Structures are given as structure tokens and as C-alpha cells.
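Consider the two complexes below, in which chain A is the common component and chain B and chain C are the respective partners.
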Partner chain A sequence: MSKFNFPESIRSRPTYGTLEARAGKSHLFVADAEGAEAIIDLAKTDDSLMAKSHVIYIPKDTGEKYTSQLEKLGINQLYVGPSFAAAQARLQRTLERAHMGLQLYLTGTEGLMGQAQRDAMTAGIPHTAIQTEHRGSIGRRMQCVHCKGITEDVKIDPFVCSHCGLNLFVRDHYSRRLAAFQAVCIDAEDPGNVPPSVELYS
Partner chain B sequence: MTIQFKDETFRGDYTYKNSDWAIKRFPFPFHEDSYMYSVNMEQHKGGPEGSIYEKRFDVDEHYLSEMRDRAMVLADDPLRCQSLPHMTLAGWDLLELIMVSKSEDYPDMFELHRDGDQWRWVNKPMGIDDSFTFMDETTLPYGPMEYITRQTQGDFAVLDQRDDNLWMDAGMITTQADWSLDFDIGMNFFEWHAPVPKANEMGIFIRALKFLLNVQQGAPARRLNWTMTVNPLLDTSPENYHKWGVQKTELAPENVGEKQHLRVELQTFFRLPRSNALVFPIRCYLASFDDLMTVPKWGRRLHRVIRDLPEELATYKGFIDNRPMMLDYLSAYDDGKPTSDGIWPDLESEPERS
Partner chain C sequence: MSGVEKINVKVSAIVPLNELVTRFEFKRTDGALFPTFSGGAHTVVEMIDDGLTRLNPYSLMSDPMDQGTYAISVRRDDEGRGGSLFMHNNVKVGDDMVLSNPVNLFSLDLRAKKHLMIAGGIGITPFMAQIKQLDRAHGNWELHYATRNAALGSYVDELTATHPNDVNVYYDDDKNFIDLENLLDGQQLGTHIYVCGPKGMINWVRGKTAELGWPLEAVHYEEFLAPQPGKPFEVKLSISNKVITVGENESLLEAIEREGVDAPYLCRGGACGQCETAVIGYDGKFIHRDHWLEDDEKASGKKIMPCVSRFEGKTLVLDR
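Right after this comes the complex of A and B.
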């Protein structure tokens, strides 16, 4: 089981639930890494679901671990891709062509769910109608508020912006539109005084 | 009165200064000798003659320099002005509200001539005389919100109203107290206020939202908010925090009166007629401690408020480290005498000097 219980936080911070099969003719899943476990668990609760489903899956660093299990679920349309960026055009096209009543399920890391949610919102699906379940890494997608660059999979606080090199601290303030948390310079008032990084939630 | 516009800077050499006139009309935000969050709303229907409450959109001696500073901020970072696609109509509403208000309230400075949808706008202080077609974006050099807010002091958040909530869907934000429009755009009322400590648990935002959802056309509301800023820096944005944050450490006992500024926001709320959006102008006024100490009542009160402010609020407002130095300065202006209720200077009713 790769679920993590996020502590209660501020109101802009997303919260996640547990995927449930909903009634509908068509079902779209977007998942990465351990998110596959949530799909496998859900498939056990509803025999007919996978035959009506399109799954977009990005294994990330889990390699082959889950793809063979997904292949055995009888998924109607299964795509396994190397990165979210590579899969994005496919996702956007699927959302554009979707009919009313499409059920959308996002599971895996926060960065994956956030980016897929953003594309779904752009396609007109309200964020409140999308199911999410966090699985796997607690790494975050962070936007540097200074240079606007995104650093993916941040697991330590503070961290160094991968674009401008500033030392940034990790906030819980979250933008759905950017699909990112906010990162702010930690040593602005005392340049060079940067505390040692610690693992998030350690 | 005729306003003498100043030529001054809000960055670099910081030549910004208030005249005696500007000090006396400064919106001192504390109506009593202590402070805690509250939904301190009142109707925005004028105020004492010459006060910052008198007109719908106050114009003062800093107008031209503030507009120049805004243009510089936008040249550096165009993302300070953004409008989601569905907010263009609200932008036209805002343009109309400001043009009508300013031309009625300051006829010597602003003129609006309307013939159907053919409009002519004259802004004499800024040397602008533009003719355009109302509701036709191609006839203006910028979108309607950006066009008019490049000519109006204060930040502007334009809030869409739907699902019993307000959504930060457009804005011109260049003089902000450390929040990012680019990050917060698209958020609802609770989300963009999420980082504010304490107020959520106090139920402040639920009550404030209820009030704001019911603001009616023609019945604007207002409140004051405040924080502290070292140097008269308008652009205290998170975007540039890595550049200005260090200025807080430049405060010293010999310069605190001159460098430490009380930053007050006059926040007003107007319902817009076509879009049903709510526009939320956030007008920033800056006064140095030296300026404020020329009003004895404010000297006494500021000392008491800053001394007794909960630590959490002093931290959130960013001056916890400098508070002891500020109090050393302020305590010399607190003779322990009583203060009158309300925010006004009350110079004519000063307690007897002993």
C-alpha cells in the first residue's frame, strides 16, 4: 500500500480521496507510477469497469512493475507512455472528444494529478467532478514565484530552483491553474543563510 | 483644490515624500489603541471634505509618479496584469465605472464625452486624449481593464461571482502586499486567502464573503487594511521578494523614523453592472513613522497597537524581527495620555499638555 495521509493544511492545498467506480459509459484514467495500484484495486470492485475504460499510464521509475498487471485487467484502451509531457497531446485530444458524462479518475503523484486536472478543466470539466487518489511519491511540482520556472518532484525543503538557482522553501499554497505549489526564496532577508534541507513530512 | 503632482520615486533613491496635506489626510487604520482582524466594512459613499474617502477613486499628489512606477513594473513583468477570457466584459464595466466617476468627481482633470458607443476620454494630468468605441477592444491600445488601470492609482482585483463564491479571475496588481496575481488567478475567495493565519478559524472569511456577495450596484463598500514596509516601496511583490527582502535588514535606530513606513490599503468594493462581477480596488497609501508622529494621537496609538499586536500577526505582516527597534522609536511618542475614538487626527482636541 503506497498511500500517504497528508496532514491537514490550508484551504488552497488539494486533498485526495479514494477512487470509486461511478456509473457511466466511458471512463478515463490518468495515472503514474504507484497510481497503477489504485486502478488495480478499483478493478477488483467492479468487473465491468475496465472494459469501458481508457487508461493513460506513465510508469516513471517503477519500470515494468505495474504494466504487466494492468495488461491483465482487460482495459479497453491502455496507453503506457514515457512522461506526462509525451502523453499530454493524447490526453487533451481524448478530453476534447469526450462526451457528456465521461468519468475522470486521476491517481498517482500530486504533479501528475494536478497537470491532468488542469487539462480537464481547460476542456470544461469542473475540478469538483474529478476523482483523485494519491499514491506513491510525495514529491511536489513547485513553481518558483520569482522566475516562474517549474521544478518537478521536489522532495526536500528548502530546495534549489532548477531554473534560476535561488534557494526556495516549499509552501502549501497551491494553484490549480499552474498545477503547482508555490516556492519562495528562503534567504532573501539574510542572503546565504540557508538551513539544511529536510525531507518533506519528515 | 488643485493638486500639485510630485515627481518622485518608489525604488532606488526613494524620493517619495508626503506633503503636510497628504499626512493630514492619511488613512490611519486604527480606530482604537489595539488591533485584531475584523470584517470592518462600511458603505463607501463619500466622507469628510478633502479626505481620501470623499471621492470614489481618490487622486492625490502621488498620481503621476505611481503611474510611472506601474508602467515600469509591467515592463519588467507583464504577468502582473492578467484577465481570464471570460472577464473582458467586466473590464469594460470597470473602464466605464472609473471614467464616469473620475470625470464627475474631478471635472478639471478628467473628461468623458459619450455619443452612443463613440467615447472620448481626456486625462489631462497624464496628457491622454483618446477616442474609442465602447466594447470594441481593437480601438484601445490595451484591453479595457489594463487601459484604465494604467491611469488609476491602486491595484485592482476583478472578481467573478458564481457558485456562491468570488473568483480572482482578473487583476492589475503592481503595488501588492506580498501576494502574486499570477499564482492566485483563478482561485476562489477561500483559496487565495488560504495563507492568512488565524482569520479562517475566526470565521472572518465566511462573514466577509457573505457581505461581499451581497454588495449591490450603486452601493459600494470599503474597509482599511494595513501592513509595514521598509522604504516607500510600492512593488512589495513575492516575485521580487528576493530583491527587496534584504531591505528589511537595513533598518537601524538612526533611520527607522524615515525608512519604516506604515502601509495602508483602502479597499473598496463595487458591483459591476453588465458582468455582475465585483471590482476590488486596493489603494496603497504610505507614510513614514516620522510623518505619522506629526499627529500626536497617531503617535500614541501606533505605539500601543504595535506593542500589543499578537506575535503571529507581526510575523505574518513581516516585521517581527524589527518590532523591538520600531517600539524603541515609537515609545518616545507615547506620553500615556488617552486617545480619542476613531481614525481622524483630532488635532484641535488634543489633551492638555502637562
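Right after this comes the complex of A and C.
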């Protein structure tokens, strides 16, 4: 099952919906891993959508599982790449040349959606006008507020900063500008007193 | 008192622009500087017309950074309730008047990559200030201005002389209309559209942008809503325990104020939501004219915007 219901949290924490086809001449999708399922589901609701769409897809650890299914959807332009970083130049170039009326659909992990949203906001799309649907891993993109380093796909709390080695507490406080949740040192007052890590939402 | 802070001014110049539109310029009576404002802001002008006080909003169309003078341009409306006729016929250079501090309900979204402005007739006024603001910031903008003909095209000469490449003028009498669909098609991502003019024009732009997939956040509009005259009606104000009659040519809000009841307001044009008033009971029919309440709220009979809306029927009791 690729869907997960996030519990209610603070206002800063992003929330996600379900993709729906919208009016417009051109449609851009950015997806990773199980996000492909959301595209496949959406394609079933609108026969003409995929022929007007550009899909940027990063399979992550799903291998070929979804790529072959996406290829059968009749997508106008399908790009499959190894990482968001590898796809980012394509995304930015596409946004730079895009016109008003472009519909943007983001689906997959929070880190992927957040980073694509950041590029879209920079290109002038209001963040509230971007559709998102979470699918797959609940791993988060975390920024260490101390060293500013980013750790991707964090699934446990607390975790060790992959840059400075501090023990960090996973918070719901989110930054759209950084496309990351904020993590703060959990044992600053009493170094070494770190509770055992637990899986997020376990 | 409700509303924003007031400024005492003297009329410093009256400049007729054409058969229908006249510009009024004001200087502060105390010699101090006006506050700067942001393009799209309006001021509420107090008019004391034969015992009746009218407070009408007009877009400020002077340079937002000019703290010496405020200017508005008023189109004479012979069918209206008389606010614009009062300005045209009764106001003289040197008169003392009262303006409100500027309030902006039609501001530029400065995150936009480009500002696409659509003006119809007297709807040009907020854009006059916005263009000055954007020029100072080297902003990217383009104006499409539809008006009846050259004789009634307020500020056409000034705009086309200073910005020949950014200003596009369309005269209805020449059967020259804005080709909206082609204009919207191909606008760069991050363009925001602003429309000010008659209701039909606003609905046309809102409809077409929605059809083409423009996000609502990028579509801004301001309609000049003046309270319309209507049949007199009686209202009970339950908190102040008064029964008042709203005259044919005054708004419900003006009638409440005339009776000395301090009611909140800001735009007086049905847009800002400040004057929203709860209805305690009624027997009759509401004439909702505002842009604030949602359709289901209008249908519920529980709320009214007294700045522009009226009532026809036996009884109306308001929580005021």
C-alpha cells in the first residue's frame, strides 16, 4: 500500500491531497518511486491528459517496476532519471520556458515534492496552486538547524546528522524555502542522554 | 470611530480630463506630508451634501511616493446616487475636505514575474499609481486599456507618450477589442493578471483565465461598486435599540452612521468584509450586491454587507 494518512500536526507541516486533472494546455508531473501509481490512477480518469503531459520520473529503489507501466500510458514526454539532482536542470529549464496555464502535479516522497515545489515557486507558481499527492516512503528530508546540512530519507527519530554528527530530534516544523523539515539537537543540555530511536509514526 | 485615520485636506486643483472625468488634487491642511501608499490603494472621500454625509472610495492615482499631493479621478455618473455629481458640481478649489488614510484591496503581488493589467474605462485609475510604482522598481508590466473612444480615453495620451511599448489602447467605437484569449495564451509562467473595470469585463477575464488553467492566486480584480439607490426600508438595530429608515439615495451603512451608531467599515464598496453584519430576523428579501459573502451565506439570510446591500420587505433586525 503506497498511501499513508499523516496525523494532524502543526500548521507548518505540509499536507497532501489527491491529484486531479485540471484545465490547461500543458501538464507537468514530477514523481518518484510509488508516485508513479498516482499518475497511473490519474491517467485512468482522463483519457486525453497524458498526451498533453511531460513526466519527470525518478524510480529510486523501485527499479523497473513502474517505468514499464508509465511507458504504456501514452505520455507525450517521459523522462526517467537516477535522482532529483540529475533531473533538476531539466525541471528548471522546463519551468523557465513554460507559460501560464501550465498545471504542475507532484507525487511521491515528501523530499521530492518539496524540492520540486521550491523550483516551481521560484519560477512563479504560487505554492497553493501546485497539486501534490504523497505516495510511498514516509522518509523525510531533514535540515540540521545547527550545521545546516541536509539528511535525506530520514525514517527514525532521533537520528544522527550525516554532516556534523549531532543527535537530532525530528520535528514537523517545515521550511518551503529549504524544502526540508527542521531537526534540532536532542541532547544539548545533557550530552549523551539520547532516547532510543524509533521508526517515524510507529 | 470606525474606518481608518482621517486626513484634513484642501482641494488644490481641479482638472477636467474630458466630458465625463475630472481629476481632483488635494494638499494637507496642516502642511505635513501624506503617507506614501502602494499602487491600487483607495481613499474614502467624505462629502457633506446638503446634510447627507457620503463616504465614497476612489482609487488614488497619483504617484505613490509623492507625499505632497494626493489625486483621484472621478467619472460623473448621472444615474448614480449623487456622489460623483457632488464632486463635479459642488467641489471648488480651496474647499476643505476630509480623506481617509489609504487602504489597499488591489495591491500588486510583487512575487509576479510580470504584471498584466486590463483596464476598462475609469478602471484605469488604480493602474496609474501601480505603473508609477512598477516603473520605479523597473518592474515588468503591460497595460491593455479599453475605453469608448479617444475623446473619453482618460490618460491615454500621457500613458502612450511615456510608455509607447507597454500600453495598448482599444476603442470600442472603432470596434477594436482586447483579444483576450490570444493575449493570455503564451504569457510567461509567473504572470499575474489585474483587471479593473465594469463587472462584465471582470467576469470575462476571470472566466477565461479559469478556462485556460490560470491559478486563482494570479488573478486580481477590483470592481468599482457604489451603493445603488433603491426603495426606502426600515431597519431595527437591536444593540443600539433604534429603528431607522434607509432613504432612497443612501446606503444602509450611511443610514446607520447618520443615526450616530458606530459601525465598522473600510472599503465601502462590498469588497473588504469589514462591515459584515449579523441578521437577527427578517421578513422580506435581501438585495445582496457585495463581493464578500459566499452564495450560500447570501442565501442563508444571516448576514448582510450594509455598505452596498439593501433590503425589501416588512422587517429587518440587525445585530448592531
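Assorted remarks:
Just so we're on the same page, the second predicted complex is superposed on the first by the 201 of 202 C-alpha atoms of A that agree within 3 Å, B and C clash if a C-alpha of one lies under 4 Å from a C-alpha of the other, contacts with A are read in each partner's own complex, and residues count from 1 in each chain.
Just so we're on the same page, a residue touches a chain if its C-beta (ideal position, glycine included) is under 8 Å from a C-beta of that chain, and two chains touch if they have at least 3 such contacts.
Keep in mind that this is a model prediction, so the values were computed, not measured.
Superposition model on chain A: chain B and chain C are shown accommodated side by side without a clash.
In the superposed model, the vertex angle chain B-chain A-chain C (Cα centres) comes to 60 degrees (nearest 10). Once the two complexes are laid over each other on the shared chain, residue contacts for A:Lys44 go to neither chain B nor chain C. Of the two partner chains placed around the shared chain by superposition, chain C is the only one that A:Met100 touches, whereas chain B remains out of contact. Contacts of A:Ala23 after superposition on the shared chain: chain C is touched, whereas chain B is not.
Looking at the superposed arrangement, the partner reaching more residues of chain A, out of chain B and chain C, is B. Look at A:Arg11: by the touch rule set out above, it reaches chain B but stays clear of chain C.
By the touch criterion defined above, A:Ala129 reaches chain C but does not reach chain B. Applying the stated contact rule after C-alpha superposition, one finds that A:Lys148 touches chain B and leaves chain C untouched.
Taking every C-alpha of chain B against every C-alpha of chain C after the fit on chain A, the minimum distance is 5 Å.
In the three-chain superposition model, chain A touches chain B and chain C at no common residue. Across the interface of their complex, chain A is touched by residues 111-113, 184-191, 210-218 of chain C.
Listed in rising order, the residues of chain B touching chain A in the complex are 79, 180, 182-187, 190-195, 200, 238-246, 248-249, 321. Chain contact summary for the complex, chain A toward chain C: residues 22-25, 95-96, 98-103, 123-126, 128-129.
Listing the residues of chain A that touch chain B in their complex gives 10-13, 143, 145-146, 148, 166, 171-173, 175-178, 182, 184-185, 188-191.
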